[in-house]
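We just call them A, B and C in the order they show up, numbering each chain from 1.
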Amino acid sequence: MKKKLALLIAGVMVLSTVLTGCGSGQAGDAPAASSDASETSAESEPSVQDGDESVAEEEAAEEESSASGEDVSAIGSDDPEATELEHWTFTELFTAFYADMVDKWNEENPDKPIRINVHVLPYDDMHNKLQIALNSGTGAPDTVDIEVSRFSGFTEGDVQLMDMTEAAQPYKEYVVDSRLQLFSRDGKLYGCPTHVGATVAFYNEKLLGDAGIDYKTIRTWDDFKEAGSKYYETTGKAFGNLDTGTNMFFNLLLAQLGGDYLDAEGNICVNNEKVAEALQVMKDMQEANAVSLVPGGNVDADEGYAAYNSGEFAVMIMPLWMSNRFVNYMTDLDGQIAVAPVPVFDDSTTVLSACNGGTGTAVIKTSEKADIAAEFITYAKLSEYASIIQWNTLGNDPCNMSVWTDTSVTENPDNRYLAYYTNNPFDTLNAVKDGIMILDSQTTKYYPSIGTSFNTEVFNAVFENGDEIQEILDIVQDELENEFAY
Amino acid sequence: MCRTNWKMSLHIDLIRIHFLKKTGGLETIHPFFSRMEVSMKKFFYSRKAAPFVFICPFVLTVIVFWLLPIGKSVIMSFQNVLQGQTEWIGLRNYRQLLNDRVFRIAVGNTFKFTIGMLLLLIPISMVLACIVNSRIMKYTKIFKTIYFIPALTSVVVAGTVFRLIFGESDRALMNQVLQFLGGDPIKWLKLRSTGYAALLILACWRWIGVNMMYYIAGLQNIPAELYESAAIDGANGFWQLIGISIPLLKPTTTYVLTISINAGLSMFIESYMLWKGNNSPSNIGLTIVGYLYRQGIEKNAMGYASAVGILLLLVVLAINMTQLYLTGFFKKEERS
Amino acid sequence: MKRHSNSSLAARKAASYFLFVVIALFIMIPLYALFLATFKDGKDMIQYGLSLSLDWEKLHFRNYSMLFSGSAHRYWIWYRNSMLLTVVQVLLTLFVSACVAYGFAAYEFPFKNLAFVFVLIIMSIPFEILMLPLYQQINDMKMSDTYTAVLLPFLTHASTIFFFRQYISGIPAQIREAGRIDGATEYGIFFRLIFPIMKPSFAAMAIMNGMNSWNNFLWPLLALRSDAKYTLPIGLNTLITPYGNNYDLLIVGSFFAIIPIVLLFLLFQKYFIEGMTAGAVKG
């Protein structure tokens, strides 16, 4: 009797779940497409899938997506003749972005309608599946978002990504060149950038002001160190960030010193003196309390946001795409942060910023729709309109530089990112415009492994455990040589 | 308890068989069947064919889903697998592996973790099971349920929760506890010792209930009279544990040991979720399978990853064989 | 003498309770913290981490209303997929494994012991070693992104076979003989006589397999590609990205992911222990 009851309950449970599953499936078709990019996507990003706000857009979105319906976010033209692109990405964030871009495209190119099915896959998994699909020649999408640290994995051997150099030609002169270089190999453009990722300094004007420090007087790293020491003495709190889990800050210093992870012949040589020098610079700053270890080892993670939000740190050296983390996670700092160019070593320093992080959108060469896909992707990632959407919705520093001087964008009163900062970040971008660089090694097959080694071993050894710099560099060099022995 | 069950169902089934005989076979329905049945019957009643029919699905799935991939893995471990092209490189993957410092770290971590897990999980769950079995307490059902819940929780969920609990900030739960006890906040997931502790705690949290269940089940098969006579002889709980429970639980312990060793050696997702990825500081959370994942999936070095896998396979087999041999399993198998 | 043993019994009793309560707390606190977090903002999680602190004014039901309104419909699709896969997986695995175990327990055939040692060996191979080549193989067989690919490798589960074999070995052989005398076929004996007797062991293994299947992460992650087919663990994992975590859905979704499997356990707990006992390893 009891058993039967138990079975019955279990049965009902299963059944009801299946039913609710179907039920809500019909009710809320096209979930991601419905959150209209221009208004809600930045919020819907990591945290809020804001039901209320997207309700208004729901109807329109439902119409759009009714053609292919179902659970994949199908966006764009419902013309049966439309080109249908399968797109893979690893973050839901981009779904809304593509929704915007495909609408604009269809509006401007009524003769070439496009529909795009965006599949959101887990991060590691997406890259892995792409690799295997490309290896085996089946199951690959038409277009795909590849994270920059994984990009080099796809540009080895017989490259399966399409050379988009030609398709990008109309936009090339406006786009930050270093950013394109990051996704180019041997002069061929294999991916379209999402943003510049220009590394800048975020100063908490309020906290610094309270400690009697004017960030505008900080020009060199020596100034930075001095200000940091003073700030630490006055407040007892940390000044700048020292990350052990990401090499973004470090890459900037290395580039400014004119160094790289490679030797002159392009072989791995992470134990060279420039690398050691850059580490020593950071170590000195750590000892002077100008930079301190960030909780969790990375400012771009939960604990890092929390530390900044509660005022435990005053300065952050990070790419400008942190804007959207500031606005979403560090809400208590609203109206306190100023954006400025990073300090330099001296007047002869030519590197004023470095490109870090990001995602390259690639087209699969073997796709039947590769040509139109390339045309669409270059448009969706490099055009002026794309840059405006990137900035307005996601707060990413736009890679199309014509936007940087367009006052309708740079002084847009509705933009939440502009409203957040005390000054205009575009002034900083324009100031460093000609000094945005990357390391040569960032485009080699070695880079992912170098990154892993530094982010897991080197920084922890040097900054956390206080090990000898040269010693750990030699160890890691051996490791990498062993890995790339042939 | 179960014996009575069998008796009862035996009774029921004898009635069933009787019923079956009465209704007769298929031939009573139509003569056609009787002709067909001659060959069919032979098959259905053959005691030679039956075992093969029964184990056929097993053999098939093992060949297709276990032996083929392992074979493929062995082959790939001698290759350099690149996009669209592969080349034979002999033993180079293995040679490289022996010089690989990170791999050695992974091996060290894995063994340390496995041993820690065995030392904690087996004695604790055995003692807990003995206490439950001794009927000294009431409400054991509630405890059993509570202890079992973590095992039902997905590692994705558990790992995320523990990552947040072991956070670095002084507001994270573990640090709050430390501060409450008068200590200072610790960077739990950054130091080798505390990172190891966090991983062990997560593993214990998940598996203690399951192991306890195995032991409770094992204890039910030990006749209660043994304990009664021991009690009359003046043996207290501790001596009963030493004298009766531990020796008679040997088969259960063997089983728990086997699954724990396997779980320990193949541990990966726990670490993956706890450090939100495969890159822990100074690789303190890197396991062998984690290294396999890093090489095969993150770096796409399938050949090298296969070599890691094959080495792990050999280690696992060696350990299990030794263990089965030492516990006398093979002897029994031969006799039965 | 007697009083002494009485007081020591009481002390032991108290100590036992203490031990069990402490461990129960250790086990429940993370879950309790998770439960509390379902009433907090996802942003809260990022800024303050997971803690037991309670700020009554900040607690709300928005996460729940989001979960049950249309906006989280992806979640319920994952939920439904997980349910479906778990039920099918458990039924299939139990059935096939029982057959195999019966083949081993009830018959003599050449190389039987060798074959059974093989089962034990298979049991000891961590699946993680196989996952990469198996994944390639699934691709070659054009089976990627199907539930078949998720289900088939676990069709015969070695430790389930082992368990069932132990259980069947304990069933008196006379039952089979009686069946044969009464003219039942070999398969009839299994399905009509043995199957009903195995019920408690089915309950035990249903829970063990259900638990594995419900929480299975690595293999479905590799085998499935389209988000409409994701299971809960994978779906929840898509919420953790390098571009920030969707804690609102992650936390409340995680909490609800535990519920069905716990209910299943509660319902079958009695049979579970009974079955485990009967099939317990006797060496």
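The rule we apply is simple: contacts are C-beta pairs under 8 Å (C-beta built on N, C-alpha and C of every residue); 3 or more make two chains touch, one makes a residue touch a chain.
Keep in mind that what you see is a predicted model, and the values were worked out from it rather than measured.
Enquirer: Going by C-alpha centroids, which chain is farthest from chain C? Tell me that one.
Expert: Centre of mass proxy via C-alpha means gives A as farthest from chain C.
Enquirer: Considering only C-beta pairs in contact, identify the chain pair with the most of them.
Expert: B-C
Enquirer: Round to the nearest whole Å and give the separation of the Cα centres of chain A and chain B.
Expert: Averaging C-alpha atoms per chain gives centres 39 Å apart.
Enquirer: Starting from the mean Cα coordinates of chain A and chain C, work out the distance between those two points in Å.
Expert: 37
Enquirer: Let me have the rounded angstrom distance from the C-alpha centre of chain B over to the C-alpha centre of chain C, please.
Expert: Each chain reduced to its C-alpha mean, chain B and chain C end up 12 Å apart.
Enquirer: Hey, what residues on chain C touch two or more of the other chains?
Expert: Residue numbers touching two or more other chains: 45, 48-49, 136, 237, 240.
Enquirer: I need the residues of chain A touching at least two other chains; which ones are they?
Expert: 128, 302-303, 306, in rising order.
Enquirer: Check each residue of chain B and list the ones that touch at least two other chains.
Expert: Answer for chain B, listing residues that touch two or more other chains: 164, 167, 169, 171, 276, 297.
Enquirer: Residues of chain B touching chain A in their complex?
Expert: Checking each residue of chain B against chain A gives 80, 82-85, 89, 92, 96, 99-102, 164, 167-169, 171, 187, 190, 276-283, 294, 297-300.
Enquirer: Once bound in the complex, which stretches of chain A touch chain B?
Expert: Residues 124, 127-128, 131, 134-135, 153, 156-160, 244-245, 295-297, 301-303, 306-307, 448-449, 452, 455-457, 460-461, 464-465, 475, 478-479, 482-483, 485-486 of chain A touch chain B in their complex.
Enquirer: Residue numbers of chain A touching chain C in their complex, please.
Expert: Within the complex, chain A touches chain C at residues 3, 6, 9-10, 13-14, 17-18, 20-22, 24-25, 27-28, 31, 45-51, 54, 70-72, 90-93, 119-123, 125, 128-129, 132-133, 136, 138-139, 147, 302-303, 305-306, 309-310, 325, 328-329, 331.
Enquirer: Using the touch definition from the top, list the residues of chain C that touch chain B in their complex.
Expert: 8-9, 12-13, 16-17, 19-20, 23-24, 26-31, 33-34, 45, 48-53, 96, 99-100, 102-104, 106-109, 112-113, 115-130, 132-134, 136-137, 152-153, 155-156, 159, 161, 171-172, 175, 178-179, 182-188, 190, 192-193, 196-197, 200, 211, 214-215, 217-218, 232-233, 236-237, 240, 250, 254, 257-258, 261-262, 265-266, 269, 272-274, 276-283
Enquirer: Could you please specify the touching residues of chain C with respect to chain A in the complex?
Expert: 41-43, 45-49, 65-66, 69-74, 76-77, 79-80, 83-84, 87, 135-136, 139-140, 142, 144-145, 221-222, 225-228, 234, 237-238, 240-249, 260, 263-264, 267-268, 271
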